[in-house]
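One structure, as structure tokens, below. Some questions next.
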């Protein structure tokens, strides 16, 4: 445990009940080894999630949010060099050998992917995929595993669970597939769920249903949830806290409501202003100029500086993640004009 | 010999999509930077030169019989030794290469041209496609060597028989590849975009579809070349190929097999030459595909 | 249909074998305005876009464009007419020919329609590039050298090359990151203001449609269930589907979300009567038997729902 | 599922008839009179006329075609000119050897190919993988008749482990049979095993990149289950396809191998029949090979349908 990191004040989240921290990520860095040496993908990512809490990892494509998730799960590619501490329920898991890491998967951490169509096996039945997991992780008999699988499907709102167990992923609609994925992720009673853009591929009305289901599961099972998304509006609705990433860095961290309403980091502000919001009657949007620098071509110092209106000479040195008002931001010139 | 399987099987893994993705460097630069490609190209150039220059490098009639010089092992006099009739094997291998490469070249040119024309039509007209593809199914499933054998029996073994039957047999896999590519490309958004702009059909084909399918056609051509060389050798080997009056690597092996115990070199050298040619062509095809199809290349 | 309507679609339908992808769609767009089609997957909005341009042949219906019925035009005449109607596609990586430089891409539409001399065409290409804020140096580059947002600018420039009167944009920003999306949306609005182009804008994103469109049609299972001016649709949605769609959108706070039950039915098996009845919270027996007709509810707003009859009767 | 198989069956019919029609046309349309060619130079005009009449060659071509079709459907292919007995009695005598040879070769190829391909994929980019990849390229480039001669030289002539040529049927005992079938099968199977090695490797590498493999790992399943059950199930599909394609190749390759090893098989019979201009037997041989291939392809389709529920669903 390092002292200089300010973990998110979990105690103040829900006054009255002190919630146990499930996941703590400290100074997580990840780089790919290739012919030219190390290619940094993610640097100094720190955050914590308590039980029953949803934390969003927000950013545009290529910011490193998905690879952060796979580093936590222990399923990052072989050529990834990972530094920093990952603590799950009080145990430092980042130091464990791969075999032991694998054992945590399913039983302690569940994963939900963006595309359930490709994330579920095309030629194994839904039931087989669920019972394989249940039998291996919980040592259930075939019959018990099948019963439990049917219960789980029922619980995530899938009608005719027994029939669906015999079916295959291509026979289901998009929403049903994602429900199966959720059932699979919670099947072995994990304390942490990592959901990688779980509703991006779904239609608006189905997206709302799936978000509701995830919220119900989180409350009922007191799950800690890491919710990876590019959509700040979903974050505001669904997650208590948010971690905003840009080019492999955490640029802002705090309560979602604060970040959505009055972000301190110019990038977070830019993301919010770039979206045409309902009822705002604007005739022009406020885009962020330029494009996200590709991995390997990050500028020195603040990585957002080349696209930032507030950048000056100071931004050529790297800012640290510090408390500004109600959120933490990695910025030399955070926005002050907060309500 | 593989006459029905010129489509290298890696294609079946789904390599048909996205093969038109461009990368930054021009193709030839990537070819030069690829050691496998360079090795195979150098090998092919050497083989082609030795075939073209055979009359200079090995003057004299390669079929000239000299009973006094039978079964001389390889040495300074006869680099590859002599055979049962006292013919110089080095001479025979060089001249045999002329036939093999010539047949390969002509068969590739014929079958690929036919495949491109028919493939384009097949990719655009459903009814034609139905008929053509059933014929291709028939040709692909059936061993080409049996058809070629029958053809040779009826039309008599000769260079033109071999070229005709190999071309017919090898059109099938090429046609399937070209047609598959045209079908994939036809569904691309850039084609719909071109149509929405108002690009006429002929221009659509020449400016949009043909350039997009040219890479897989090139790859396929090298595999067809190797299949044709192999096919000619196999047919000539069993005596239904170019006929006994001409010289090819396959022909050279026909008699040789009877003397394998006494003079293994007469089996070794023509076969080695044949294998090197096929190897070079296959390597070229593989590396071309790697270069032109980055989606597959990342696996290697 | 107003006097200055440049495009007027009536009774447009398309069936792919047993699948009725688009059913009896009608709308018209006044010159210089933007009409938005919004809907979820399977709603038929993209097929409608292609039907309007006759990239897909309509099964029935008429498409009146510049005073002629596109559905009746012979292939040659249709191709000539394409000069006046262009399309922008969703995928900025797929819609450009990777073997053609930006110069060739921008010259191509002019060449095909025989517009101007070669040097005119080149000047137009340069002007177009400037209009979409790309440097002149981009002319000799190839699509793969650009980012997604830049490619979409090139696609927009190509669509403008023949100075068309109508542009159909099919999900033009949904493949882009939000920050880039804003750049492209601004550009499209600027260009429309400058050229007075009429636009048919297809999107699944309610926010984007609200930003871009004057008039909106909401599609469900191949039909327009409600249409009207933007502020009416967003301010006072009349159809239960529109209401649910707006309520499902994120950013409204989780408490406010009204939920639709079930999934979108397959286009193979469209429910009888009102297609939306299987998911509608207010469905009653009449919805099973009788297909609701589109009714005018004032202010240019129309919706197809039996509830509107009830409300009137009450 | 039944509909799928029915459809596959219909699609397989051309694979039987196209080669037969080609051979029919070759025989009838080639210059020269088959009857004259069959009987040789010494035949009298009467003899030729009699044979022409017997073979139906004096009929118009479409009548010949109908007769020929009837012969195929009723499996009455006439008498062999050389053996002077019904073709349908000769074929089975030879077919058994060829089928055994092809089956043993295929078994060897699958065994070697799947094993090496898996080892290679699991050790990607390590020395063993590079070794296998190189060996596979060499194997694909190996002309099997030359490889057969090399095998004979090493194992039969030099080491004397196997006979140089000849054939013992399985009824002569498994060891005796094995001794005469092993070298031919190895020679015939080597290119196939190289092809399958490559196929298995690339297919496995593809599948290992699939999201559902990540899911299986993320569910905590041990690597042995992930590879053995989740990855193999899909990675095997292309290998089965190759095995199906191999069948035609193996039957073709059997021609040369049977000649080299003096095996009394269909391929050798066919080449000899061609040499003797025994046309009924040639047609019979082609039909037999077509039928064997058609049955094999149906079996492959059936395996596919069992392994892949998506096919059953169609």
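The first chain written gets the first letter, and so on, giving A, B, C and D; residue counts start at 1 in each chain.
Everything that follows uses one rule, which is that contacts are C-beta pairs under 8 Å (C-beta built on N, C-alpha and C of every residue); 3 or more make two chains touch, one makes a residue touch a chain.
Quick caveat: nothing in here was measured; it's all calculated off a predicted structure.
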Most distant chain from subunit C, judged by the mean position of its C-alpha atoms: D
Chain pair showing more contacts of the two, A-D and A-C: A-C
Subunit A-subunit D separation of Cα centroids, rounded to whole Å: 53
Between subunit C and subunit A, distance of the C-alpha-averaged centres to the nearest whole Å: 33
Chain centre separation in whole Å, for subunit D relative to subunit C (CA means): 55
Arrangement of touching chains [line / ring / star / complete / other]: ring
Set of all touching chain pairs, with the criterion as stated earlier: A-C, A-D, B-C, B-D
Contact set on subunit C toward subunit A in their complex: 40-41, 147, 149, 177-183, 185-186, 189, 204, 206-208, 210-211, 234, 244-245, 248-254, 257, 259-260, 263-264, 279
Residues of subunit D that touch subunit A when the two form their complex: 210-212, 214-223, 225, 229-230, 233-234, 307-310, 313
Residues of subunit A that touch subunit C when the two form their complex: 60-61, 173-176, 203-209, 211-212, 215, 230-231, 233-234, 236-238, 270-271, 273-279, 282-288, 291-292
Subunit D residues touching subunit B - in the complex, by the definition given at the top: 11-12, 14-19, 22-23, 26-27, 30, 137-138, 140-146, 149-150, 152-153, 157, 191, 195-196, 198-199, 202-203, 205-206, 238, 241-242, 245-246, 248-249, 251-253, 255-256, 259-260, 267, 270-271, 274-275, 277, 282, 285-286, 289-290, 293-294, 297
Interface residues, subunit A side, partner subunit D - complex: 73, 75, 102-107, 109-111, 113, 115, 118-125, 129, 132-133, 136-137, 168, 170-171, 181, 184, 188
